[in-house]
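Each of the two complexes below includes chain A, the first together with chain B, the second together with chain C.
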Partner chain A sequence: MQSQPRPKPEKAEKQINYNEVPASIRRRPYYIVLPGLIILIGIMIPFVTAITLSLTNFSFKIPVTKFVFLKNWINLFTNKDFYQALGVTLRYALFATGTQMLLGTCAALLLRKDNWFSRLLKVLFTFPLMVAPAIAVLVWQLMTSNTVGVLEDFLNLFGVYNFPWAASRQTAMFTAVLIDTWVNLPFVILLVLAGIQSLPKSPFEAAQVDGASSWFTFKTLTLPLLKPFMYIALLFRLMAALQEFGIIFALTKGGPGNTLMNLSLTGYLTGFTYQNIGKSMPYLLVLWMIVNISAKFIVKRQRRLTLEAAGKQ
Partner chain B sequence: MKKLLSLTLCVAMILSMVVVSGQAEAAYDWKKHEGETIQVAFVEHTTATAIISKIKEFEELTGITVETSVTPEANYFDKVTAALSSKTGSIDLFMSGAYQLWDYSTAGYVEDLTSYLTDVAPDYDFEDLVQSAVAALRWDGVPGHSVGDGAQLGLPLCFELYSLAYNKRIFAEKGLTPPKTYDELLAVCEALKEWNGRDSYALAIRGARDWGTIHPGYMSTFANFGAKDFEIVDNKLVSRLDSAESIAMNEFWVKLIEVGGAPSWSKYTWYEAGADLGAGKAAMLFDADNNGITQNWIKDGVPASAEAGNIAWAVMPVAKEGDTPYSNYWTWAMAMNGNSDAKGAAWYFLQYFTNKEFASYASITEYNMDPIRTSVWEDPAFIEKMKQHEGYIDSFNATIDSTSILFTPQPEFFVTTTEWAATLQDIVSGQYASVEEGMKALTEKINEAVSYIDLSNY
Partner chain C sequence: MMANDQSQPLASGNLRFRQGTAALSWIGRNLALVCFAVFALFPILWMVTCTLKSDAEMYTTVFNFTPTLSNYRAVLIGTDYFKAFLQNIVVAGGAVLLTIAVGVPAAYGLARYNFKKKEDIAFTILSFKFAPEILVILPVFLIFQKIGLYDTYFGLIWVYQLITMPLLIWVLRGYFEDISVEIEQAAQLDGYRWYEVFWKILLPLIKPGLVASGLLAFIFAWNSFTFPLILSGFKIQTITITSLRYIASDSVHYGHVAVAATVAITPEIIAALFIQKHLVRGLSFGAVKG
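The block that comes next holds the complex of A and B.
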């Protein structure tokens, strides 16, 4: 088919002389980007402040602040507690995000059928999202109490008494992740479910006509098409899990011992409880770097997967 | 004639009372700061409830406007620290404990109240305040120096010392008597193992990963073993947590937790410990004397907990019968921001809410424990009110003279006590081969934390 020639404009386009444009119109593009610029400055001020503070001995206990240059950073990298906190941060993020992604995807796949039961479950699943994490921890603390908790009563039925939950080094991480999963699993389910419902129908109909098995369809169609959505859920959950503070603080304040002392908690404790802001900043900046690098990697991968799913790569 | 005489006497008495009270009013100008406004930061506490209920009367008396904020304890000190460090005087008065005041005064955020104490209403009666509680809030700012000298950093609103609360119903049923020594305590713990089913235990004590675990029964026992947290050597603070006394005490404490403690001990704050005593899950509580009180009230026939009315108090156990029971101190105090713009008005507030009349109201009408004034402790109405808490006043009287802050004041208090609690958790969970190994590792950490303190600079 021949393409239609583009009609020529009746009059030649007039050359714009920018000097003749009123100043108010010339400034308009700058006004358009101004809110973005202000927001960017708003974001950057605390960030630059944090970097500056990390180079000082700023403390609520010392009236005069001095520059100590890299002393806080050297202290950080030579401190055993930092590596312990780094390990806890990564383990917690891996464990929590992995559990939530796995369970969330499975639950979303089970809920994709549109019937009254799945509709009811979708509503019920949103309830934990409405609970603040600190409140969720309070509820779970009561539920897991060895003296008044309903879970203790339940376990007693199976002959298990005084299950230690967050009180033991062996089960503290499990308990924190359990609460985190209770609060955040619905987010993953809803996001992946939204992805499932937006998938194109024709490839699945074609696979059905060709007699493809359920597993084959899942492996070669559902999963690749769903991956961009899963990566979005992964991005949000991983970032939050790396920065987790509320659940761990309310549950055990990082204990027993240093079992749950992650970078957020160590930074907070150093900065506020110990009132040593200068020393705490490197912990939080390292955390920021980890979150930033992880997020960039996931976003890049998500973009590639989106293009692949659209058949553009 | 008799009638005339008695009438004359009555008139004379009334007149003299009017004149005397008029003189007293005239002697102190409560309206001196009329029109000023002060901001007061409260933590959520029975003391705050009592004060807030009387603020209107204070405003009417002085013409000072009071604005308040009440914050839960978990976030309270973060908020106060931020407000004080801004140096804007955004709060004029704030509730605090002595330990926090060591930090705040080191940074110059706290007003010394010594000179203000000379400007009090004639009926204030400073000497009537429990003097050891007042002394606990006095410090000269030199790390390693004990409290009791130097700047008056605050005035007490209430305080607590440490004793053994126990369930007298269970003790009677089992034929037990309150333990007086450490050996007896261990034996009673053994006898009370799972006394009320598998989820019950003998002794509730704190174990959470914060300073709160160290300062109540633990620190009192630590001192009763003859252990000390620091010593000054060559103008440096040196931790003595690895001393023989400290190791012996910690071995005892770990055994106590193993034999009698809660299965989830490492999560326990004052709240869980007290609640378990009230719920009938713990048979004893070694904690603040007023912690068990909250579980034992029966107000208008309504019990505060399942075991309300069954809780009694005894003096804390010691090494051998007859030893002096040394108790640590905690005071909820009110301090003045050094950067306040309304210090005069703030002082009026502080004075009003630590005076005799208010102290009596707070503890007799309201439920502010322990009372800060000797006159309240001796008041028949208070004694009558506390009769339902058997042994509470007796154990107080037996302990108060040997109660003081047992920690060495120093600006890294929260670092050292948090690490202390974390190490204690690790020792109990078997992370160290022995108690000694754990305490030696802790000593190293603490020495590092305070290494920058050079006492020759003070």
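The block that comes next holds the complex of A and C.
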């Protein structure tokens, strides 16, 4: 189809035509934004340093720093630790985010009726969300302690004794995800709930008039309209879970063995504890790439879903 | 509703069945919600009870014990925990104040003006939120040691901007966009200078958003673990790092651990109660106007 020359979109009247205002005023927005940007970019200079460092053998142990070009990167891709760390990072992120999205959406749907009980729960659910991940680990270490922990008593009722929690390779990931979920599940609940409360009434009334079953309404109306909100929750949760450091570090420092050594922890241990900064940078740069690519992907999809949802209304 | 022209006994049976399933689903729904609530709250409640137990009773009882304040006394007076608490207030509070000073104008600029690269700048600011903390912090550590900012208040406050500033700018940008331009123009016609418009008209209008996002930024800064772990040493300690020492030590006083955690959480829960109405908007960086 031949495309017609589209009429130029008319500028909103309220916008000021910046060619007519003097330069001093035209530059004002930049002045206003600049201080904030400078402070942030001041902190981000290290990021550029990070790339340079990844090409050197920088370490506190060696007095002279040399360029080693791609040696650190070749080391990385031929190193078993890297693939272990990559696997742990992805598994942890999928496991934690998946659990939270699923349970969070269910809980939000259960809370949709606006009565005193759900209003009270909405307030109470915000409490764990405010707890620092490191402190949350402290709380759960008490809970899961084999001597004073109350969960041991609870599991004894079901005939389970000495559940190993973070101490065993099989259950360490589960324990870390459990703590992560305790802290962050309310985030998903609150966001999806906000989505539910903003649902327009008219399509649902129309569906009811047409006699649509409740499952059909949910599948074709509720879910597509909620998806943009779920994607925002997903974005925040996935980005944080990919980089998770505090919970794992406070819980086991990556152990037992290397069970919980994700890219963040491996980078930290290599760079800070073993003092091979140059060697640690590639781990963290790979992590940064993963985070950025998945963030872009989710943001793009979220925008499309928002448009689709707007079409449905 | 469809009219039901089945014979009477069948219909009533059907009705009873429906009432039965409705009751069942009501029970199921609320049971699930109670489970969620127990999962969310029980750890906090149980921990608070632990703070009141003596070491001996810790092992033998769950809820039935004689309360004592000795744990609080031991942690708050006997150790430098309270010092870390105060230092954490200085660092997190300082970070929020700096963020407000430069972030509020930036949010206004990004909301109100149209200029080249506006969206790029806004997204650059947001992307700081998604930069892996360890990646940023290791080079910062090297630089801070060189220029003497390691283990100082200012060094930490500066780095905390990565947590607090994207949040504040993105949330407040939405609040500024909600205010119509006409209000500003009317004020200007009345003879207000641009800074008077800002102080007397705009600031009061965004105050709820400012308070909420400021408190939320404070909570995030308070909770930060990675930054103080690497960038603070002996001089400055924050609550997250100090608290962990209580479980790492050899002779674990579980009561002390519980006190450390409880005292760290309390200010946050109080702050959260204040900002309930704006919480969703803040948590989603303004993306969801809950």
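Some notes on this structure:
In this section, the second predicted complex is superposed on the first by the 267 of 313 C-alpha atoms of A that agree within 3 Å, B and C clash if a C-alpha of one lies under 4 Å from a C-alpha of the other, contacts with A are read in each partner's own complex, and residues count from 1 in each chain.
Everything that follows uses one rule, which is that a contact is a pair of C-beta atoms (placed from the backbone, for glycine too) under 8 Å apart; a residue touches a chain by one contact, two chains touch by 3 or more.
This one's a predicted model, so the numbers in the text were calculated from it and none came from an experiment.
Once the two complexes are laid over each other on the shared chain, residue contacts for A:Phe127 go to chain C alone; chain B is not touched. Looking at the shared chain after the overlay, A:Val139 reaches chain C, while chain B stays out of its contact range. Of the two partner chains placed around the shared chain by superposition, chain B is the only one that A:Ala167 touches, whereas chain C remains out of contact.
Of the two partner chains, both chain B and chain C are touched by A:Val148. In the superposition on chain A, A:Phe272 contacts both chain B and chain C.
Counting the residues of chain A touched by each of chain B and chain C gives the higher count for C. Contacts of A:Pro63 after superposition: chain B is touched, whereas chain C is not reached.
Residue contacts after overlaying the shared chain place A:Thr220 against neither chain B nor chain C. 141, 145, 147-148, 272 are the residues of chain A that lie in the contact sets of both chain B and chain C, per the superposition on chain A. Within the complex formed with chain A, the chain B residues making contact are 78, 81, 84-85, 103, 106-108, 198-200, 208-210, 262-267, 272, 276, 279, 281, 411-412, 414-415, 418, 421-423, 425-426, 428-429, 431. Against chain A, in their complex, chain C makes its touches with residues 2, 29-30, 32-33, 36-37, 39-41, 43-44, 46-47, 50, 58-59, 62, 98, 102-103, 105-106, 108-110, 112-115, 118, 121, 124-125, 127-143, 158-159, 161-162, 165-166, 169, 181, 219, 222-226, 229-230, 239-241, 243-244, 246-247, 254, 257-258, 260-261, 264-265, 268-269, 271-273, 276, 279-280, 283-284, 287-290. Listed in rising order, the residues of chain A touching chain C in the complex are 14-16, 18, 26, 28-30, 32-33, 35-37, 39-40, 42-47, 49-50, 53, 103, 106-107, 110-111, 117-118, 121, 123-135, 137-143, 145, 147-148, 150, 153, 182, 185-187, 190-191, 193-195, 197-198, 211, 229, 232-233, 236, 239, 243, 245-246, 249-250, 263-264, 267-268, 271-272, 277, 280-281, 284-285, 287-288, 291-292, 295. Taken together, the chain A residues at the contact with chain B in this complex read 59-63, 141, 145-148, 152, 156, 161-162, 164-169, 251-258, 269, 272-275.
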